[in-house]
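Worksheet for the structure shown next.
Chain lettering (A, B and C) follows the sequence in which the chains are written, and residue indices restart at 1 in each chain.
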Amino acid sequence: MAALLVSPTLLVLGLVIAYPVLSALYTSLFTAPGIDPKTGFVEDGDSFAGLDNFTSIFSAAGDRFWNAFWNTSFLTLTSVALETIIGLGMALIMHQALRGRAWVRASILVPWAIPTAISALLWRWIFDTEGIANTIINTEVLWTTEGFQAQVAVIIAEVWKTAPFVGLLTLAGLQIISEEVYEAARVDGAGPVRRLWSITLPLVKPALLVAVLFRLLDALRMFDLPYILIGPGKESVETLSMLAQDEAANVRFGPASAYAVVLFLYVFLIAFAFIKLLGADLLGDRQSGNGKPGARKRLSLMPGNGRGQQKEATA
Amino acid sequence: MTGTTPTATSEAPASPSAPASPAPAPGTGARPRPAGNPWATGFKYAGVIAVAAWCLAPFYWMLVGSLRRSDDVFATSLWPSPMSLSNYRGVLDPSQGFVRSLVNSLVVAGSTTVLALIVGIATAYALARLDFRFKRLVLTGIIATSMFPVVAIAIPLLKLFVGFGWINTYQALVVPSMSFALPLAVWNLTAFFRQMPLELEESARVDGCSRGQAFRKVILPLAAPGVFTTAILTFVMAWNEFLIAVSMTNKQSMMTAPVAVSKFTGATEFVQPHGSQMAAGVLVTIPLVILVLFFQRRIVAGLTAGAVK
Amino acid sequence: MSAIERRLLRCTAVTAALTLVGGCGLGASSVESGVSAKERGPITYVAGKDTSGVVPKLIKRWNDRNPGEKVTFIELPEDADAQRQQMIQNAQLKTDTYTVLSLDAVWTAEFAANRWIDEIPESSFPFDKTLGPINGTVAYRGKWFAMPYTSDGALLYYRKDLLEKANVEPPKTQDEMREVCGKVLKKQPGMSCYGGQFEKYEGLTVNFSEAVNSAGGQVTDAKGNPHLDTPEAKRGLDNLIKGFRDGTMPKNGITMMEETGRRAFEKGRLLFYRNWPYQYAVSNTKAKTNKVVNKFGVAPIPGEKGTGASSLGGHNLALANTARNKATALDFMRYMTSDEGARMRLTKASQAPVFTKLYDDPKLAGQFPWLPVLKKSIVGAEPRPRVVRYGDSTKVIQDEAYAALTGKKSSEAALKSMQKELNALKP
């Protein structure tokens, strides 16, 4: 039964991801052929290079790689942290909103719904030297030149676009918490802050963690936003995905795949660490959810749970 | 929460003790409830307005930009004057094929969402409720597929689909979109299902429900917010997918909306078609918002109704 | 399920095998060469989104005349990088989907060296009727690989009104330009002297090359050898750096692309601006932010001693190597690049022609006052680096030039590493 339920997912993922990934792994072992100096034509067939593509990432292209590595890490860390805080705030506010929640929810969907390429253009236009951002702060900041301001621009645009993602997932998590848990806490005399820390956050944790985890995966692969907003090849915002893209654009699929594999390993490591540190309950083992007092209380008060949806339906 | 009563009554017997709404319910505590406090209410509304403003201000700027004449796009007045619909006329001109591309996007994103949800729900249920070997491995494997940069996947995938003869077909767009959406769908739904009380499902089965029925009638409605949110996010992801869509299609009649937008042009190759891109951005976003508002009511109402049957 | 699996396995095996041998066409089994093409039949024309609206008309006319050899127009995204990527993908897959390709002038060497495009027969194309330097963008190692389709060269846009008021002529050299600015700008607060394209993108390569060429240097020669360790190259780059240091160029000049600079010029922030011919029509269109309608003129860009040397832009038509029906394709290329098409593109979309005859037509010159100036600009032009690894080369140039302009590196150090890296990119 489990196999039956799980296999469609694995089949789709196997077809669309596993094969290309394996193919990329294979490609990463080859280098593009050189040009025959006599004819001027590129020679036939890729040549096997072993791990050369990988070693040259750290040696020949080392500076560029580490710069991109730190950029990727810095941009990811700051923007995901901000997104989490802002997204959680949004969710709490929306959950409290009594009237018009559907409208607020639709409006927070807007930044997330605009295609990244278009939203990057929008921000590029806002951050133009003569754009509205400079008009508002009334100074001429050259946002798209190298420097810290370029990173700030990327982070602002990224957080604007993706905080709603965290917000929506967290809101869904909030909605399945039953009112009775709060009721009981109030009777016990817990203040609003206490209720937030000891009830809301633990209960919303699984949803929030999934949201943050997927944000991490996405942010670490960030590409189009800095590429369009600031421009390709800018040291201050060049990310690892941009390096892979740059290699692929110059028809060097071997090195491009090697960068992709290195990035994959880095993402995997971060995700692994994240799950180990914060979200053991994400990876299975049912007892984790039941072990917490909040959850147990909720279980005993189950009937009220249906009401979460009721609110939803009529909001 | 003043308008809840009509539907709430149907479920009232199940939870007689629960107050109908968190709004002022007298006599539950000695201290005034936060919801009754005018300051708290004020804060809430201020919060709501702040959230909406943060999200909508740049969008407003996009809207303003789309309503300027193409030569005025870089003006910084807060209101487009003179106002012009020329960008919208340009975008909706039949030769751009933009309307057709919106329909394509709808088909692709719609079928992606439905398929990803069906497949994802089944898988998530198994991962949340059934015990089997390699569960961790499966979960890890599923999430690992969203760790590879799409840039590196596009070309092998294109080779594969050319082999299938899938170029210019919907499945060449739906299947990759599905695979990008599935990891999130599975992980998120697993987290939600896992939070659902086991007791309820068990009691439903004692009442004679099969495992499937118990799931459909008890768990799914309770997890509705999670399912619905997953649906929205999947739909948006599929709606905005560009790299695969541009590689897998070369006929205008098969373009999706983001691909169509990438083909907008200004008067010459150097002139950025800023106005029409912004107009297209507005036109791409509005259907999504309408869909969400619409389904928000329909789906959730439907699921909840299923719960009481 | 097993059926699906079997099919899946079969397909993966096939594609894996293809990847392994890196050859053996998926679509076309054996393709003929462009020089001796005989096959006829339906073909496709692949180009970036058509800005002029002329292409569908030209194709329709062709299809009416040649019912058995129908042409389908495949429109690619507007962005040049995306176009190149799509074309390379098609070449990698070896399908016969793409037939005639519209290539940016700087891609020819790369596409030819990789054999993604075919050599075309010299005898059947009018290479002798085009402006000389343009042919430099379609040849690779002495053979023809494309037919010039449209061209582009640099013009110096200047504020005619202000120059007339100060009673000065448009400058021919950079020193003269500074002098004119000294006279005019005193009465023009908020206006800078000169602008070009110095954002880190292809425009920087263009402007850097023009600076070097105008100082008498050469970025690369016809064989692709870099010459950046010369005093001329250093003077060229130093002229730009000086321009930023002494305020000849505005501080935000480093963020300028074609359109940012055009808007600054139209707002009255620049006295002189280097741009392509397309601006002529745009800046003569009334708009809220445009103060220069009928108040500007064009001249060749200024050099160190006398007129400067422009870079060459434009597009060429080439024949995809894996295509079918190449005889039809060659005919279609001749048709598209013909006088008739060129005239239509010029009048409907201000796209610069490649044929000398059109530049010398007095009627057209009356309609497009920039044509004679552009002719001078193109005749004195140098192609951008003609190298196989153009993408890498232009990136090296941009990296180093940008570092020098923003003061991160001295001009000497920047040119030294540019020379070294471009040498390493040579075959």
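The definition used in the following text is that a contact is a pair of C-beta atoms (placed from the backbone, for glycine too) under 8 Å apart; a residue touches a chain by one contact, two chains touch by 3 or more.
Worth saying up front: this structure is predicted, and the values here are computed from it rather than measured.
Using mean Cα coordinates as chain centres, the one most removed from chain A is C. Centrality annotation: A (chain centre taken as mean Cα position, compared with the mean over all protein Cα atoms).
Distance between chain A and chain B, defined via averaged C-alpha coordinates, is recorded as 16 Å. Between chain A and chain C the centroid-to-centroid distance comes to 37 Å (mean Cα coordinates, whole Å). Rounded to whole angstrom units, the spacing between the C-alpha centres of chain B and chain C is 41.
For chain C, the set of residues that touch two or more other chains comprises 12, 15, 19, 263.
Annotation for chain A: residues touching 2 or more other chains are 15, 19, 23, 27, 128, 130. Chain contacts: chain B has residues 74, 155-156, 159-160, 262, 272 touching two or more partner chains.
Residues 11, 15, 19, 23, 26-27, 34-37, 40-42, 44-46, 128-130, 140, 142, 144-146, 231-234, 246, 249-251 of chain A are the ones that touch chain C when the two sit in their complex. Across the interface of their complex, chain B is touched by residues 11-12, 14-15, 18-19, 26, 48-51, 56, 74-80, 82, 86, 89, 92-93, 95, 97, 258-259, 263, 276, 278, 281-282, 285-290, 349-351 of chain C.
The touching residues of chain C, when paired with chain A in their complex, are 4, 8, 12, 15-16, 19, 21-23, 81, 84-85, 88, 112-115, 140-141, 199-201, 251-252, 254-255, 260, 263-264, 267, 388-389, 391-392, 395, 398-399, 402, 406, 408, 427. Chain contact summary for the complex, chain A toward chain B: residues 1-3, 5-6, 8-10, 12-13, 15-21, 23-24, 27, 86, 89-90, 93-94, 96-100, 102-119, 121-123, 125-126, 128, 130-132, 135, 160, 164-165, 168-169, 171-173, 175-176, 179-180, 183, 186-187, 192, 203, 206-207, 209-211, 213-214, 217-218, 220-221, 223, 240-241, 244-245, 248, 253, 256-257, 259-260, 263-264, 267-268, 271, 281-284, 286, 289, 295, 298-299, 302-315. Interface residues of chain B, counted against chain A in their complex, comprise 1-4, 6-8, 11, 14-15, 17-19, 21-23, 28-29, 33-35, 44, 47-48, 50-52, 54-56, 58-59, 61-62, 65, 73-74, 76, 119-120, 122-123, 125-128, 130-132, 135-136, 138-153, 155-157, 159-160, 175-176, 178-179, 182-184, 186-188, 191-192, 194-195, 197, 199-200, 221-226, 228-229, 232-233, 236, 239-240, 242, 257-258, 261-262, 272, 274, 277-278, 280-281, 284-285, 288-289, 292-293, 296-297, 300-301, 303-304, 307.
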